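Letters A, B and C name the chains as they come in the text, with residue numbers starting at 1 for each one.
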Amino acid sequence: MNSTVFAPWEDPEQKPLIRFQNVTKKFGSFTAIDNLSLDIYEREFFALLGPSGCGKTTMMRMLAGFENPTSGQIELSGRNIVPVPPNKRAVNMMFQSYALFPHLTIWENIAFGLKREGKDKETIATRVHEMLRLTRLERFAKRKPHQISGGQRQRVALARSLAKAPTLLLLDEPLGALDAKLRQDTQFELMDIQEKTGTTFVIVTHDQEEAMTVASRVAVMDEGKLMQVATPDRIYETPNSVYVADFIGDVNIIEGRARFLEEGQYEIDWAEGQQALHAATSAKFDNGQTCYMAIRPEKITITADKPEAADNCVQGKIHDIAYLGNLSTYHVELPNGTIIKAQTANTRRIARRSFTWEDQVWLSWTATAGVMLAR
Amino acid sequence: MRRFALIALPYAWLLALFLVPFLIVVKISLSDVALSIPPYFPQFSWEEGIGAFLAELDFENFVFLTQDSLYWKAYLSSLFIALVSTALTLMIGYPVAYGMARAPEEWRPTLMMLIILPFWTSFLIRVYAWMGILSQEGFLNQFLLWTGIISTPLTILNTNTAVYIGIVYTYLPFMVLPIYAALDRLDGSLIEAAEDLGCSRLSAFWLVTVPMSRNGIIAGCFLVFIPALGEFVIPSLLGGSGTLMIGKVLWEEFFSNRDWPVASAVAVVLLLILIIPIVLFQRNQQRASEADQ
Amino acid sequence: MSRFSWFNAVSLTLGFAFLYIPMIILVIFSFNESKLVTVWAGFSTKWYGELLANEAFLDAAWVTLRVAVFSSTLATILGTAAAYVLIRSGRFFGRTLFSGMIYAPLVMPEVITGLSLLLLFIGIGLERGVLTIVLAHTTFSMCYVSVVVSSRLATFDKSLEEAALDLGCSSAQAFRLVTLPIIAPAVISGWLLAFTLSLDDLVIASFATGPSATTLPIKIFSAVRLGVSPEINALSTIMISIVTVGVITASLVSKRKMVREREEELMAVRS
């Protein structure tokens, strides 16, 4: 590891800023968070990702102090914060609905938290101005929330939650209410502000693309459990389970039985009359153990003729083509009915495309292109 | 601690000034009339203890209510008057609400204001306004004589007809508002879809509009029926000596006859009768709000 | 819905005529010269003069106004607290009883409410007068206030309160600085409703009062029992005009505000 790369989670000497220790949260008989432990480090941009109801919002609300864990402990800078009420925590939150106070101006909204701290007028004015500049809202200081656009409201909410210079900023689906185009711009703006202020951000989102774009690390959650915690590229390239592989991006999952070949090399018998697949992995599998091959469509090459040297190679006919502009996804049906998706970049104009419906094609990929998973 | 105070204050107030008084009514309804102050027996006293006190209570007054035909006639007549005037209010209120819902968008706030305005004006004055209209030499008779429809003045004031008119008039906004609210939410394309599928305008109205405004109709009917049943002002100003309504009977029993135990028993029975429509109303509201979600 | 038809126009015209003609007649005949209220004998404002010279009416009006101000203010405080408890306090001991007691007075016949309160006042030996009317009016109008306020609170975005807590408010500060200013319109309409109910009430006040205090509705009732009188017409006209001016102003103000906000929102989207 290069020492200039930001990766405090790799360094055993680093003390985490936030530490969840065996946290369980129950609502009646429903378990929202199930015995979960997690460390988050200073200056991280950490994303909690999962489908709705997976417990990510509960995690955030426990950090803010709106919910208390049923058991376990949450530490902030080494101190247990469970008994601390929300108004006494050095944690601020940006709400999904923004929760801007409709009866106050933008200026007053941003100054709200500072006034509660009892800061003098000058300090407050300076700080509010600083925040307005950071979020490019100077022109709107005197307006009320209903007098500005959705994107501007989002920035006010951010400015207000950052004004108190919290140790930790929580963002609950911060871009959920924005349209797709604005969302992309805002993602980069968020990263920029996070870098400028050096605040630790924890973001909750169900949008995997958003999590991948902004976060230094992503935690994929399901049913109150952490499925995988890793950097975006590792989550994408080496998911640890079918669930994570399937949740992030598009993937082909092929079920089969493992057969040991040599150290780090396995064959997967996956269908009657089909050649076994060849996969490289550092994980250990027993002979005959059920396993899954997860392979991303863009890692599959599609050709008209059988490639000469390929670790894995299957033939099928094109069942469907999804044209996405920059990319095309081919749905190829194998003789046994399995559909495999393969993606190619559209570097040529559409008229010159080589494949069309019902064409017989060959799909191939290398032994290291896919990931072999036990579950 | 602060939360406790927040709950305790309104709670204690309602216990002391709503529940306790009501329990007193129940208790007095089980007592006997007596020539004393206050005019009923037994009075609770600590010396004799609660057992002796309870032993004196009985259902005599309720038995009395069933024996004297005045009371059950008054209950039946109140129910009848309330039902008829609810039906009349619905017949007049539905077309008004329907017209409001179909009026051009820019008129609606004004129409809405015109429906709400009478609600803010004194109930008593609105009932009073009809006294001058319905009397023998009143405006209605003057008008009808002038047009030649009748040759001798009609007697309307101090009859049940006047009571119906008074109830319909004063409770009309309560019928119009919930129906309008239901019709206003109705998606116009539903009617178009019904007509597209072969309905005439009239059958589209019966098959789509009316069922879709059902919750509004039910809410409106209960909002008229429940208060009309215990009405006092309208029968005593517009009704005659022949108009029997239980609210009036209770008032007279209490103020004129000073028979507190019987008045209390009348109140308890009235409440028991009211519980049925109130529970039904509550259910309807609950269903409506569930349907909204 | 659209397609305004003849049938709609006719039913609206008749409906509103039915609602307004009696009141218009009442107003017109308050300016009648004659004592006979059904025969027009020329324009005069003399009944207004007589009304203003009638001490009994003025006294009653003063009592009514005082009762209405006190009871509606008390009812607003209690009703708002009750609404907050109902919507925000989750479960507590006797919650069902509490919400039952909030809704029951709304459907309780006035004669029963009045009777039960009178029996209570006699039972505890409280002398009947202005105080007992205030207590009685507060009790039933707080329920109306709490219904109005709780319907507003039910749609209130709870995250606004959480945001206030998150930014350092205690829960009392959050209520004072955030919740209250936002629900203020509902609280004010609750107050107005309570005020009107108190001004209007005849039955409960008749039970709750004693010889020392007579409210305007009681006075009007005993006068009109004897028949129609031009003085009462004049009084009614004054009351109707106050309400009309009030309602029209309120709806104009709220309409202007709505239009302005909509325009500002449109501008905000465009900018």
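Here is the rule we use: a residue touches a chain if its C-beta (ideal position, glycine included) is under 8 Å from a C-beta of that chain, and two chains touch if they have at least 3 such contacts.
This is a predicted model, so every value here is computed, not measured.
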item: Remotest chain, subunit A as reference, centres from CA atoms; value: B
item: Core chain by centroid distance, with centroids computed from Cα atoms only; value: C
item: Between subunit A and subunit C, centroid-to-centroid distance (C-alpha), Å; value: 55
item: Distance from subunit B to subunit A - Cα centre to Cα centre, in angstrom; value: 60
item: Interchain centroid distance [CA atoms averaged], subunit B/subunit C, Å; value: 18
item: Touching two or more other chains - residues of subunit C; value: none
item: Subunit C partner contacts - residues on subunit A that touch it in the complex; value: 64-66, 85-87, 91-93, 95-97, 99, 101-103, 112-113, 116-117, 143-144, 146-150, 152, 160-161, 164
item: Sites on subunit B touched by subunit C in the complex; value: 2-3, 6-7, 9-11, 13-15, 17-22, 24-25, 28, 38, 92-93, 95-96, 98-104, 109, 111, 113-118, 120-126, 128-133, 135, 137-139, 142, 169, 172, 176, 183-184, 186, 188, 191, 226-227, 229-233, 236-237, 247, 250-251, 254, 260, 263-264, 267, 270-271, 274, 278, 281
item: Touching residues on subunit C, where the partner in the complex is subunit A; value: 157, 159-160, 162-170, 173, 177-178, 181-182, 261, 264-265, 267-269, 271
item: Subunit B-facing residues of subunit C, complex; value: 1-5, 7-9, 11-12, 15-16, 18-20, 22-23, 25-26, 29, 37-38, 78-79, 81-82, 84-85, 89, 92, 94, 97-98, 101-102, 104-105, 107-112, 115-117, 119-120, 122-123, 135-136, 138-139, 142, 146, 171-172, 196, 199-200, 202-203, 217, 220-221, 224-225, 227-228, 232-233, 236, 239-240, 243-244, 246-248, 251, 255
